[in-house]
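Letters A, B and C mark the chains in the order given here, with residues in each chain numbered from 1 onward.
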Amino acid sequence: MSIFRYCFESRTDFSTPVRDHSFMLRSFPLVDARQTLLDSRLRISPQPDSLSSGHDCWGARIDYGFQGEAHSSFSYVSEGTVKVIPYPIADKSPSTLFLMESRMTVFAAEMASLIPEMRGTSYEKALEISSRVKSAMSYVKNVTSAETTAARAFSLRQGVCQDYAHIMISVCRESGIPARYVCGMIPGEGETHAWVEIWSDGAWHGLDPTAGKICDDRYIAIAKGRDAGDCPVVRGIFKGCAVQSTRTISSVEQSEQ
Amino acid sequence: MQTLIESRDSVNRWLERYGVRFGVYKNGVFNEQFFPFDSIPRVIPKKDWDVLEKGLIQRVKALNAFLWDIYHEKSIIKDGIVPEEFVYSSKGYMPECEGIDPIGKVYSHISGIDLVEGKDGNWFILEDNLRIPSGASYPMIAREITRKVSPTTFIDNSIADNRDYPEILKDMMDTMNAGRGINVILTPGRYNSAFFEHSYLAEKTGAVLAFPGDMTVEDDIVWYTGLYKEKVRVGAIYRRVSDEYLDPLAFEASSLLGVPNLFQAYKKGNVAVINCFGNGVADDKGIYYFVPKMVKYYLGEEPILHNAPTYLPYYKEDYDYILANIGKLVIKDVSEAGGYGVVFGRDLTPEKLEELKSLIVEQPRRWIAQEVIDFKDLEIIDGEEKVWRKADLRAFVVSGGSGANGGVRVWKSGLTRFSRNPASFVVNSSQGGGFKDTWIMNE
Amino acid sequence: MNNSTILSPSKANSLFWLGRYTERVYLELHLLRLCFDKMIDGDPDDYGRYLSAIGGVSMYPDQASIINGLVHDVSNPASVISSVERCNDNAVLLRDEIKSPTLGYIQMPLELLRQNAKNGIEPNVDELQTLTDWMLAFWGSIEERVYDDRVRTLLKIGKLIEHIDMNVRFGYKFYRIEEAFSSLLACRTSEPRAFNAAAMDELAEMLSEEKYTSGDSEYKNRLLYLLGNAVVL
């Protein structure tokens, strides 16, 4: 078990003021069997006209609201303390949905080389898939975008953690292993990270194909879903003709008990 | 009726006058066309209609019960009636809708059920449209006009009055309305192919025609914003924007047609969304096969209306039958809509048939096969002569109103579409078909 | 449920422009009929002046194609058909406010002009008069079928702005401008926030018969500029 202080900061600047700005954030560690939120705080600037909160259908906390008056920046800070225990997460019957292709994880014939021929448990196969994804791909920033599908990233053999996770999910599902996407934070990395949870023998296990590692209790999940499309950390829509630039910094530090 | 046929030109002038057009994109250019009207009405005798009406109410009740079940207990899956992969692999299934209780438990407020009449006089269901079924405005306006140009026809024949559709719709919107807000019809805009219908229904029901950008969500309540920033609460949205574009923060982020955070307001029960999110799972071509089973399962009744005989390659028996009889079947691609993914085995060359077979072997879940129904043709006027053409009927069933039958009503009318091409079985208006008035007889 | 008379900013904008374009069509038709009349007496200078004031005549090689162009040429923004198309662009967005029968008085001119343009029919007085009748029927239909004061006022504001603008451009008598402007001031009383107060005040101050008849082109341009900025919708 570990306890972490986390701080997630994001600031968006608009080249000209915008108005009627609706937004939705996923900025809290997910509360589930693995993670307990000890304290948390969210500040949004400028203060929105309305702010509500709830959960998405995968259990992640959402905060959403509306800012009517013209403003030229939008920023928020989410910070708190979270207690994390190691994987696995027990689940007797995972939803069949995690075996189905999703929009960004459609399997491509080209990815067949990543399917392990070995015998073994789903967990062992998934480990093999994770290591094949890692060796097939090169970690290169800015060649893929948030919209890039698994098939596209694989054809480039380049991408970032989101792409690694999508390819691994696609191959796992094709091999009959339930798999889901996780977006979260890890200490020492200044931005959000993505990894995969696979289901084997009555529980979900965390695997990180980008690092080629098994996830430990330093992996703090924010949102989960079929693919990255279910887990955007921030979305906004506004009236106004502005170019926007967003800077996001996250920091996670292990705290002394 | 003869006077009605003779006054065809007059009818067309009235259609022009009312701007009854639908938009089409050809090579990227937007054009508006008239939906060709044929003045020979389709006549449905009372005894046929009585059966259709009962059967349609039954079917739509079962479909609404299915939608509730799928997004809650899922007992139809647990009891082994519908295999779960048919639900979860359907593009229309939305996990976001799990556990949401729509107002009055109604999912499909306006259902457009497509039927055909066989040569033997039996009616068959072709498909259910539970998302945004369009076309009700055409028979409404056709009747308004034909009554004007040929009043004697309507004096001499005992035809059910169909001018009550706006009242049926308004009653349903008022009954579903949350928080005594206003009713709006949300259109994607004037370049949508059905824009005429959106604006016409708004006029006739007294709802406000709303465009993208007219509404905002604050504190889980939907507001319509006025000229001087005054706000009124919206209680019911008859939306003509599809699920994925309806809330850019919950679904397709690039959508400019939606209302941001509408999904959250809907989830809280603060606004009626007509029809609900997630209905696509029940009108999926693969799920169609199971609708008669739903009638038995949820209502404990024998289905009154029948599907066209349908085979699912998913089941071994059906798989073998399809591969052996593919030449006489019609094959539908479950993953496509709009009439483009429909192939008649008899139209294919032996090579193409083999190709299709191997596609079915590869992905059995992707296809359904049906016996070709020998449609009863309808007479239409082509130039100066009468010819026979294939036609279907879209019946409109409104659920969630205040009346009897649990608030389910079948509109005594419907959209009869015919194919102008004599060889074609496809009557889709996007593929150049025309329409007729549909007379439901009172005696 | 209470469907109050709330009107969105975009509908208000469409009402204003529908008012402007219907008035423009009406006045263009009026001017074209005057042209036909003057052509009888055969003084090219006289009707040439009218034609060039409407604008866009340099696009055409001869007299006949000028007349045809001013009625049926969609590529000429000053043509009658272009103005009716713009009426339609706004009117179709307003079916629920102005009602289908009213919209019909835009649809019929549009269809007639499109057909005549397509079939190469020369503009004639019958066609122009039919169009004029429909434009008048449009306003009659508004009067009969629309009871929302704000909808009527916004349409009327558009109509009056266009009326004054065209009268200034064509040098009509001052009393016509004065009449229309006092009507506009009445609209301002009922819908004050639709107006740019500074522009309206300056217009009120500037409007005098003496200055108007002096032929000062700078004065005229200032009037037109203020008219274009008098309404904020």
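One rule holds in what follows: contacts are C-beta pairs under 8 Å (C-beta built on N, C-alpha and C of every residue); 3 or more make two chains touch, one makes a residue touch a chain.
Fair warning: this is a prediction, and the values are worked out from it, not measured in the lab.
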Reaching chain B from chain A through chains that touch each other, fewest steps: 1
Relative to chain B, chain with the most remote C-alpha centre: C
Most centrally placed chain - per-chain CA mean versus overall CA mean: B
Separation of chain A from chain B, taking each centre as the mean of its C-alpha atoms, in whole Å: 38
Geometric centre distance via CA averages, chain C-chain A, whole Å: 57
Chain centre separation (chain B, chain C; CA means) in Å: 42
Contacts with two or more other chains, residues of chain B listed in rising order: 213
In the complex, chain A residues that touch chain B: 20, 22-24, 49-50, 52, 54, 56-58, 62, 64-66, 68, 95-97, 99-101, 226, 232, 235-237, 239
Chain C residues within the chain B interface of the complex: 1-4, 6-10, 12, 89, 92-93, 95-96, 99-100, 103-104, 107-108, 111, 150, 193-194, 233
For the chain B and chain A complex, residues of the former touching the latter: 84-85, 88-89, 95-99, 213, 216-220, 248-250, 253, 260-261, 264, 267
In the complex with chain C, residue positions of chain B that touch it: 16-19, 173-174, 177, 180-183, 190, 195, 199-200, 202-203, 206-211, 213-214, 224-228, 230, 232, 235-236
